[in-house]
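Written out below as structure tokens is the structure these notes cover.
Residue numbering begins at 1 within each chain, and the chains themselves are lettered A, B, C and D in the order written.
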Amino acid sequence: MEFEFLIENVLQKISLEEKKNLFIVSDGETTFDADIHYVSPNIISILIGDCSYQVYLARDKENRYVYLEGHHFIVQEPSVEGEGYKSGEEKSQEDILMVKAPMPGKVIKINVSEKEEVRKNQTLAIVEAMKMENEIKSSIEGYVKKIFVSEGDLVDSEKPLIELEPKIS
Amino acid sequence: MFKKILIANRGEIAVRIIKACQEIGIRTVAVYSEVDRKSLHVQTADEAVCIGPAPAIESYLNMDRIIQAAHDKDAEAVHPGYGFLAENAEFARLCEREKIVFIGPNSRALKLAGDKVRSRQTIEKAGIPIIPGMKGFYKDISNYDDEARRIGYPVMIKASAGGGGKGMRIVSSAKELKPALEAGMREAKSAFGNESVYLEKYIEEPRHVEFQVLADNYGNIVHLFERECSIQRRHQKIVEETPSQALDPELRLKMGEIAKKVMQVTGYNNAGTVEFLLDKDKNFYFLEVNARLQVEHPVTELTTGVDLVHLQISIASGEKLPFTQDELEQKGHAIECRIYAEDPLNNFLPSSGKVLFFKEPRGPGVRHDCGIYSGCDVPIFYDPILAKLIVWAEDREKACQRMINALNDYVILGIKTTIDFLKDVINHPQFRQGETTTGFIKNNLDGWKGKEKSKEKQSLAALAAAFDSFNKTYTRTGTAAEKKEIYSPWLMLGKWRLGGG
Amino acid sequence: MFKKILIANRGEIAVRIIKACQEIGIRTVAVYSEVDRKSLHVQTADEAVCIGPAPAIESYLNMDRIIQAAHDKDAEAVHPGYGFLAENAEFARLCEREKIVFIGPNSRALKLAGDKVRSRQTIEKAGIPIIPGMKGFYKDISNYDDEARRIGYPVMIKASAGGGGKGMRIVSSAKELKPALEAGMREAKSAFGNESVYLEKYIEEPRHVEFQVLADNYGNIVHLFERECSIQRRHQKIVEETPSQALDPELRLKMGEIAKKVMQVTGYNNAGTVEFLLDKDKNFYFLEVNARLQVEHPVTELTTGVDLVHLQISIASGEKLPFTQDELEQKGHAIECRIYAEDPLNNFLPSSGKVLFFKEPRGPGVRHDCGIYSGCDVPIFYDPILAKLIVWAEDREKACQRMINALNDYVILGIKTTIDFLKDVINHPQFRQGETTTGFIKNNLDGWKGKEKSKEKQSLAALAAAFDSFNKTYTRTGTAAEKKEIYSPWLMLGKWRLGGG
Amino acid sequence: MEFEFLIENVLQKISLEEKKNLFIVSDGETTFDADIHYVSPNIISILIGDCSYQVYLARDKENRYVYLEGHHFIVQEPSVEGEGYKSGEEKSQEDILMVKAPMPGKVIKINVSEKEEVRKNQTLAIVEAMKMENEIKSSIEGYVKKIFVSEGDLVDSEKPLIELEPKIS
């Protein structure tokens, strides 16, 4: 049986075939036997050549969350629509122009108004969550095109706050 | 001794206090906001009263509702924990007026500790070294500008009403002062219901060393040695330990005596902490009194063998201190790591949501003070602290090894936490050598990216996910469950399993 | 120091040793029988080798397979835990021959300790008081009859090869001797692979007081004070504590010195325990040497601050003891409760099966050494010990309160355990007063029936079950999950939820 | 909605009606409001008049296992066929004559033979589990009618070992 996953934006292909009490695993490069069991709904025990791995796995609507040997992984099925898992660095041009709430919270201040010119790193708004203020800054030089929220609004993660327009220089 | 205590807090500290009460046969009343119905402290307490909507200002900071709950439930005393109303002199006064024992210092001492400017004056008068800072309070922001110039930049903005990094800002030049003051005041207001802030000279690269003090109602005062809390981010402590690597017995003795003197001249009772900054030349400056149980109190408990919550309660009920300074000693080494719901890969943004799976570490020398469980929700409204992991061992190196091991054994899935970041703090050579200053994180772990994940580990993660999908497919068709003894989530359902079976 | 250690055991003690190794950077190899594939020790270790079918004699007692696994995996040392091969001199000798370090005493000392008759002679010769007993071994059961008459009834049958109550029988008259001997021999054979038993005078209502001893390979010997293990059922310890309420400093000093002398005259090294019986008049008799890590070792660790497993490993690797007798002291009080898979309401019959749900206690001063988890199977083949709950507190009364609280917080569903019974042991007035003898259970808790369940509690149980059924019904029709935020088992499945949704 | 359960052999009737976020509970005698939630699949939190109860619940094919306030309960649905939960004392006449394995284990000795006369409390067989021997004794004076197992057999709980016949006196 063949499976495909997106792990940290890399496509991983893997095949499993059951054989007696073992699985024959192939990851494209190598093929090996693995002794795999659920030990509880969120814990999988894997033995590969006598090496023991305890893998923790949980699921929500979009992702599987995996922890093993000190590392966390977010595992997605490639068919899943929507945003991939992106670190702070890997923003697309669209993300730069559409400033979104970085986490669920409350808009406590909007520092700019529509049409206003903004510098790079200028604070556009402040969102508070868990009692810490987080300044939302512009990553470009440009203009405020549209503001979607008001002070006091509760916003969810990825909720658009402000749309920017780049300065053509 | 009290028969029933109301705990005016939530999360790990509320659970810690509830369990301490249960041990000594005191019934407990929890209070909770509407989003906290399923929180661990509500489940753990004997009784639980809803005191309002989610925002803290309408619930955990709502003094009238809390006093009313205490009266309704016949609670004789209130334990405020840390944060929220813990250092609110008005609340302490209200309790006194309503004949409810406030488990903490008397309201006068609390007011003095909360008034950082006046308490600095009192301390300075007693001949204790303090950091140069503001002599008074001002309504007008321009006055702060004058004070900052007098003290000399860089200066530090601090909230008068509390600690924990809330409201704190370092300002290195005059033009940064105004926005920083505004932000600091807003944070202070939101965290403590009081926007007062003050300025202090910023001392570069100091160690943060504090002394735990206990004073009963009869003038007996002891200190329980120091805690070093230099590992901070955004002025928020994240790793604490005792003993401090910077203190020798002589310095420890001297600072401990001064800590007791601070308690004495401020008319303090119950548990408190005297914070100092220690500079490179081992000069120390009084910083402030934390007039509450500290987040980091367990490291003191593990090395001295006392239970600070039990002692807080017995002091508040009028008992004398059960030991003298001579009878106290430090044994071994303890380290605490605070587990925050923050994403260290994304500028430590708070991470609320559902904890899908949670497995806590255990073992010899491992203590875990915890407010969460598998399946709980972490709301956006409160402090991001989830739990505290504390280890004890014979010496510092063994404690570090034990902490690393425990952190590796600690699994939280579904929300982001600081666990992986903490491993790299404890594993850092500078930390291992005890070279800890408040600049440690900024100097050593700025822009932290986490460990490289090997191809092999990626494959293993894919294998686990594939196995999970494999069983899902098989179980859907109703064969796997019968065929082999896999432990699929569906098998948990027993005879009510839906679908093909 | 070793790079890799094989742990020749299972359950909580294997997990305890694996974690101790991980802390000091030693890789671990677990061994397991076919039914133990999903056991916690297999999951926790770095590597795991299957050594045979379920019966211990074919797996955990199979010396050749274990030695082979150690060679295959390049393990330099073997830790035997307790039980199984821990006190098997032949296995220790085999390890020595195969150049694998046996983490325990040298095989000569082990053989002597295992030969209870010869070791009694050695001890007696050294002028240490012993219990009157057999002077030699016999093949013929009729010789035992003669010996029993010589010693005088009541007599105790004990297994030569080990402890833990296995093979033990009290015989009060000649006509009971034969069947008791046969049963004792069978149990001894099954537990230790050796059917030798011997007889000893049975001392009535004594306390069981033992001393933990450590000896390095260079003749340095220290004791780590006593443990009192008088609370026994079927000669099996179930509650242990330190310090003993029966010892004053003088007696403690005297017994400690004699314990060290026992180690000296028997040429002992590594960790061991010298067991004594203490009668009502505070006379004490040497009972035997337990040549292994004891089940109850944690109470010593919590009061002295040492890690006995770390010390066993460092001694075995040739290091010297890191402290002298003067540097050791007892602090506070520790109590251990053994959690057995036994039904106290039904003559303590073993209770195997699946642990459907498991929630362990935690909190300040609580340690839990554990071999199980939610969903694990408890097989019929091995010792019924599931876990050990150990508490530390400043004094005995606080330790008792903490233990009660922790036991109340301890949930195991699906199999029967001794948890409720243990609460009544700790809560018993005789226990609270420290009036503990080996007859405690028989005298005070015989025919234990558990606490009366109030009508109110019965109703609550019915309410919980009704709520569970209510959600089952609603979720089946696919409405509840959307309608309200219940946490039904089905919701765990996320988007793969079957049925109407 | 009405429910019936057998708890310690006593039939408990209870009704639940949902009303806003609460349940109206009636146990036949009293009616009260309860605030009930799953907090995780095996933990239910109940508030009744501000009193907080944490209830642990697990299920297998036959029973629900409930732990609350220091007490264990086995909860059965009345329709479930088979053996009720019985303590050692409450044995029926049938149970007395049909001697069963008290727990899963291994028959290591059978001390009697068919037709043999047995005294009350005489040991009939020895079953070992978890390394402890358990003597199976006769609770009557009588005769051995039939022996169903041999030495060395692995037996499950409730497996018939020996059938006895009472002595008519």
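Annotations
Keep in mind that, in the parts below, a contact is a pair of C-beta atoms (placed from the backbone, for glycine too) under 8 Å apart; a residue touches a chain by one contact, two chains touch by 3 or more.
If you're wondering where the values come from, they're calculated on a predicted model, not measured in any experiment.
Two chain pairs, B-D and C-D, are weighed by contacting C-beta pairs, with C-D ahead. Between the CA-based centres of chain A and chain C the separation comes to 47 Å, rounded to the whole angstrom. Chain centres here are Cα means. That of chain A falls 28 Å from that of chain B. Chain D has residues 37, 39-41, 43, 59-60 in contact with two or more other chains.
In chain B, 374-375, 487, 489, 492-493, 496 are the positions where the chain touches two or more neighbouring chains simultaneously.
Pairwise, the chains that touch each other are A-B, A-C, B-C, B-D, C-D.
Looking at the complex, you find that chain C touches chain A at residues 30, 37-38, 42-49, 73, 373-376, 492-496. Those residues of chain D that touch chain C in the shared complex are 1, 3, 5, 7-8, 10, 12, 14-16, 21, 23, 25, 27, 34, 36-44, 46, 53, 55-60, 64-73, 75, 87-88, 102-106, 108-109, 126, 128-134, 154. Those residues of chain D that touch chain B in the complex are listed here as 35, 37, 39-41, 43, 45, 47, 50-52, 54, 59-61.
Of all residues in chain B, those touching chain C in their complex are 16, 19-20, 22-25, 298, 301, 305-307, 331-332, 360, 362-365, 367-370, 375, 393-394, 398, 401-402, 405, 472, 476, 487, 489-490, 492-493, 496, 498-499.
Those residues of chain B whose C-beta lies close enough to touch chain A in the complex are 56, 166, 183, 186-187, 190-191, 234, 341, 345-347, 349-354, 356-357, 359, 374, 380-384, 408, 411, 413-414, 420, 423, 451, 453, 457-471, 473, 484, 486-489, 492.
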